[in-house]
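Before we start, here is the structure in question, set down as structure tokens.
As written, the chain order gives the labels A, B, C, D, E and F, with residue 1 at the start of each chain.
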Amino acid sequence: MDGSRKRPTPESLVTLASNAAPISRFPVPDLASLPEDMRARILAVQEKAGFVPNVFLALAHRPDEFRAFFAYHDALMEKPGGLSKAEREMIVVATSGANQCLYCVVAHGAILRVRAKNPLIADQVATNYRKADITPRQKAMLDFAMRVSREAETICEADFAAVREHGFTEEDAWDIGAIAAFFGLSNRMANLVTMRPNDEFYAMGRAPK
Amino acid sequence: MDGSRKRPTPESLVTLASNAAPISRFPVPDLASLPEDMRARILAVQEKAGFVPNVFLALAHRPDEFRAFFAYHDALMEKPGGLSKAEREMIVVATSGANQCLYCVVAHGAILRVRAKNPLIADQVATNYRKADITPRQKAMLDFAMRVSREAETICEADFAAVREHGFTEEDAWDIGAIAAFFGLSNRMANLVTMRPNDEFYAMGRAPK
Amino acid sequence: MDGSRKRPTPESLVTLASNAAPISRFPVPDLASLPEDMRARILAVQEKAGFVPNVFLALAHRPDEFRAFFAYHDALMEKPGGLSKAEREMIVVATSGANQCLYCVVAHGAILRVRAKNPLIADQVATNYRKADITPRQKAMLDFAMRVSREAETICEADFAAVREHGFTEEDAWDIGAIAAFFGLSNRMANLVTMRPNDEFYAMGRAPK
Amino acid sequence: MDGSRKRPTPESLVTLASNAAPISRFPVPDLASLPEDMRARILAVQEKAGFVPNVFLALAHRPDEFRAFFAYHDALMEKPGGLSKAEREMIVVATSGANQCLYCVVAHGAILRVRAKNPLIADQVATNYRKADITPRQKAMLDFAMRVSREAETICEADFAAVREHGFTEEDAWDIGAIAAFFGLSNRMANLVTMRPNDEFYAMGRAPK
Amino acid sequence: MDGSRKRPTPESLVTLASNAAPISRFPVPDLASLPEDMRARILAVQEKAGFVPNVFLALAHRPDEFRAFFAYHDALMEKPGGLSKAEREMIVVATSGANQCLYCVVAHGAILRVRAKNPLIADQVATNYRKADITPRQKAMLDFAMRVSREAETICEADFAAVREHGFTEEDAWDIGAIAAFFGLSNRMANLVTMRPNDEFYAMGRAPK
Amino acid sequence: MDGSRKRPTPESLVTLASNAAPISRFPVPDLASLPEDMRARILAVQEKAGFVPNVFLALAHRPDEFRAFFAYHDALMEKPGGLSKAEREMIVVATSGANQCLYCVVAHGAILRVRAKNPLIADQVATNYRKADITPRQKAMLDFAMRVSREAETICEADFAAVREHGFTEEDAWDIGAIAAFFGLSNRMANLVTMRPNDEFYAMGRAPK
């Protein structure tokens, strides 16, 4: 892959996107028309991933929501803490599977495969995490995440105790719950706008290590 | 109410909070210890409302999440658009009722009463919006919001058509859905941390106009 | 309030009601046309409450059902026993919240506030009793009531044991279950006829004690 | 069957009951100890049916509730109106099947077979009324009854319109809904007390006509 | 019953069937037109039961599926093992009740009554097996069967442990689960084609032993 | 791939399987110990696929059920008819996703990708078929399949009409429903025995065509 492919000008990027199937049922802005901070973030992601994940283009329709969304995302997914990055992605994939969110299952499934260096894990966690090749600690983490995602109104001290038994701290429990809650928002937005995952995500990280 | 009561020093505020029942099962930071931008926002709210809504203190435990949360909130609730401020609060109250979120039903119920200048509306919308004193247009708005909140995976063009029939634009539909999605996050966080609504909210806006 | 306002003649009462929004989608009888026993009961309630709760007028459409309904109500709510009157109202409010019954949540929420001398309790119990300011014994009572209300077919000895651990007797368990069952009937009737709670209920008992 | 079998003394009746498996997890009173009005009602039923349906004995544990329960029952099931007696029993059987109430399915299934003079109808309606040998009008009636029984909070004008199309009046709709609501109470009580249907009910009305 | 009634020619059988209400919404083949192996199986069943259960005629529309269906049936229901034949029928009746399958509840209810020599058991198990006159071991068996039938995705080692405590082996657990799974298929096919149970089933085995 | 890898002897196959993680919580037989017909079928599949799908080994624990299962499978999946082979696999993948069956989603997802010559389709259909790149006709097919899979008790003529509008015949409707019903059995068995999909399936058919 040469430099010109890795660093398309904003114009070429827009051309690329407009040739593909719609990535949102709402309008998708030209990259060139975006405020500088948003364009910079999008180009940085493109530099790293080799393509622009559609969530950036679909949400760019609403700049203020875009900024808040990614600030929230980073606050939960990029911070240090007791959960590995792969474990955070497991939470995203398991809860997005339960919420039937195509965008998040496919995009974060790809990231999970890459971060866990495991080509099988994403399909397992998305379909039925109880049958996945994960540790009992990770299963307890996903049980807690699913409680927050699907029936938060009944969360009680027994749920916190269950993750503490596996060595999770109170702060870890907040992280697990907050990731489940944030991607519940993400899942609803993606289903609302029929957000289309980039074709590139489907095959990422599937080669055995 | 004299000035010293309306503008407590950060110290008096903390004293107030520490006398009350716990407002979160997680630690609540001293106002004095918070970064300047967060403290400024909290004091501004206090100035306006006469007290600090507990959500500010409970989420302040995580400054980056706090900032993203309120940025997202403002992007949806403070923007211009086809929905009145009271209608936005209706969406919050109806979906929070379905999600059994005590904090949001009580706090946003109060705001809804104030904004709609209607002392009955919040209890109606929280309990069963189908029986509330609202217009058919507002009922269609809440039907759409509940679809996003409870079964976003099946949202389809018929749902958009149903709100269009009542004069809502595509952008209005995004607003309705995004508010429902964002408060789904808020509801899950409030249930996760057992966030306690301030006593002040319960009686706000209940005097007949 | 002078005596003539506190004791309206049946005629003035009917005038009052006919000026308000409809209190039932079915016909509501004139008080004057009702059999003597029903009119006496209604006037007695009015004397005590200062107004006639709409449930009396809405159900008066069917005199025999009216009589049986209030006889059943009194047999459960006015009898002596191990549950306080406030606790019985908690059961009504929690189960009516789950059943999304506007009339019962608003009317019995008012009675609960008055009987518990607590302006916050009704909104808490109606929205999510697991987060309410109630005792562990009361929470166990409401867990049992919700089991009867929502999944009575799976009630088993473990449910009875759970309330016994909090000091409830077998007879108390019958009371809890029977109140949940009776108000399940009430909730369904109120939703069937779109019974409107009197405006007076919303603000009752909200002043701090 | 001779007179002495048709008219057992209260004493012989109690003996009969005490030999059988428990008919309630709560105490069942001696017939002799009951107030005269209750004993008279029970003996009248026994005279007609040849045995005392267990619901009379199980609920007699609470005389005031007993009286209200049967007054309500008679107000709905014995009144004139647009629904035949067999149709009312269909409503009981269909909703009791959905509520998994053994007592009501078996006891009212028997009454339905007798009243409809149809040995097959009760099992059909209890298991899946959509596949039963009933008229489209009766199917619409049961659709409405199930709406009230299972999701009354969403009942709306379209539901009333659907039964009107089959010739049901507004008063008929009240009857359908009220029967569904009342037996929802009955179903919950029967599951709460583990009420046992009399063996006699199972075979009643099964001989082809 | 004389021989000519017990052994009708294929022609008389078809006449019988064509006089009855439709037994399937799909075409039902003439017995005479069926391949020899299928006709032989059907005539053998008729010889034994005195009539041809409609499932044989309804599924005969698809000979290859017919053969696989009954081979699967026999592999589970006719094999030796730790479950009695009556217990296997209990599993069928309980899960078919939950799946609202009229054909299986009625037909296998009849077989259960016959095999258990108990005229009451089928109605009890179909309506609410938790209230049936069965042993704790049989109740644990049905709990396991219902888990497989209704929420197999969450089956875990605790479910296997629960049946082991009642003396069931691992092979018995497979049997219980496989019967629940197979009749889940059968229930869906019967509801798909609106399969009608033979009138004969309703009264079979109802005479007290 | 040379011949010796494509055609392992039964002995080498067993070695392979025993080195892998468990493919079932129940015993898995040696290929050598299996009856000739089963071994022949398994070797034929291996010849074609290059490996033995674990479902063959897991179900071989019960030879009679194995034979019936695959006979049923072939009767539905290998027959001619109005559904393409890829469409049949779509039904399997969509319903297995809803049933959270890891084995069927992964194994039949692979087959679907191969048959549809589309590397994206399986993840789309498994996660949320409403958002998949399929035709309106295929979406109607999957709507019908999901009705049979998840709520067959309410299937009615309107469901058949909906697929007829897209050109499906009555026989096609049987096929759609029967595939959904059969894989409901398969899903329950796979979850019961914790059947592990072969690693090979995950990457099959993912290369863009």
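Heads up, the rule we're going with is that a residue touches a chain if its C-beta (ideal position, glycine included) is under 8 Å from a C-beta of that chain, and two chains touch if they have at least 3 such contacts.
All figures in this text were calculated on a predicted structure; none of them were measured in a lab.
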| item | value |
| --- | --- |
| Intersection of contact partners for chain C and chain D | B, E |
| Same or different contact residues where chain E meets its copy chain D, judged by the half mark | same |
| Relative to chain F, chain with the most remote C-alpha centre | C |
| Between chain A and chain F, centroid-to-centroid distance (C-alpha), Å | 29 |
| Approximate Å spacing (C-alpha centroids) for the pair chain D, chain F | 47 |
| Distance between the centres, which are taken as Cα means, of chain D and chain A, whole angstrom | 54 |
| Mean-CA-position distance for chain B and chain A (Å) | 26 |
| Residues within chain B bordering two or more other chains | 100-101, 128, 153, 191 |
| Interchain contacts (touch definition) - all pairs | A-B, A-C, A-E, A-F, B-C, B-D, B-F, C-D, C-E, D-E, D-F, E-F |
| Touching residues on chain E, where the partner in the complex is chain C | 128, 130 |
| Chain D-facing residues of chain F, complex | 153-154, 156 |
| In the complex with chain A, residue positions of chain B that touch it | 26, 61-62, 64-65, 67-69, 71-72, 74-76, 79, 99-101, 148-149, 152-153, 155, 170, 174, 177-178, 180-182, 184-185, 187-189, 191-193 |
| In the complex with chain E, residue positions of chain D that touch it | 21, 97, 100-102, 105-106, 109, 119-120, 123-124, 126-128, 131-133, 191, 194, 196, 199, 202-203, 206-208 |
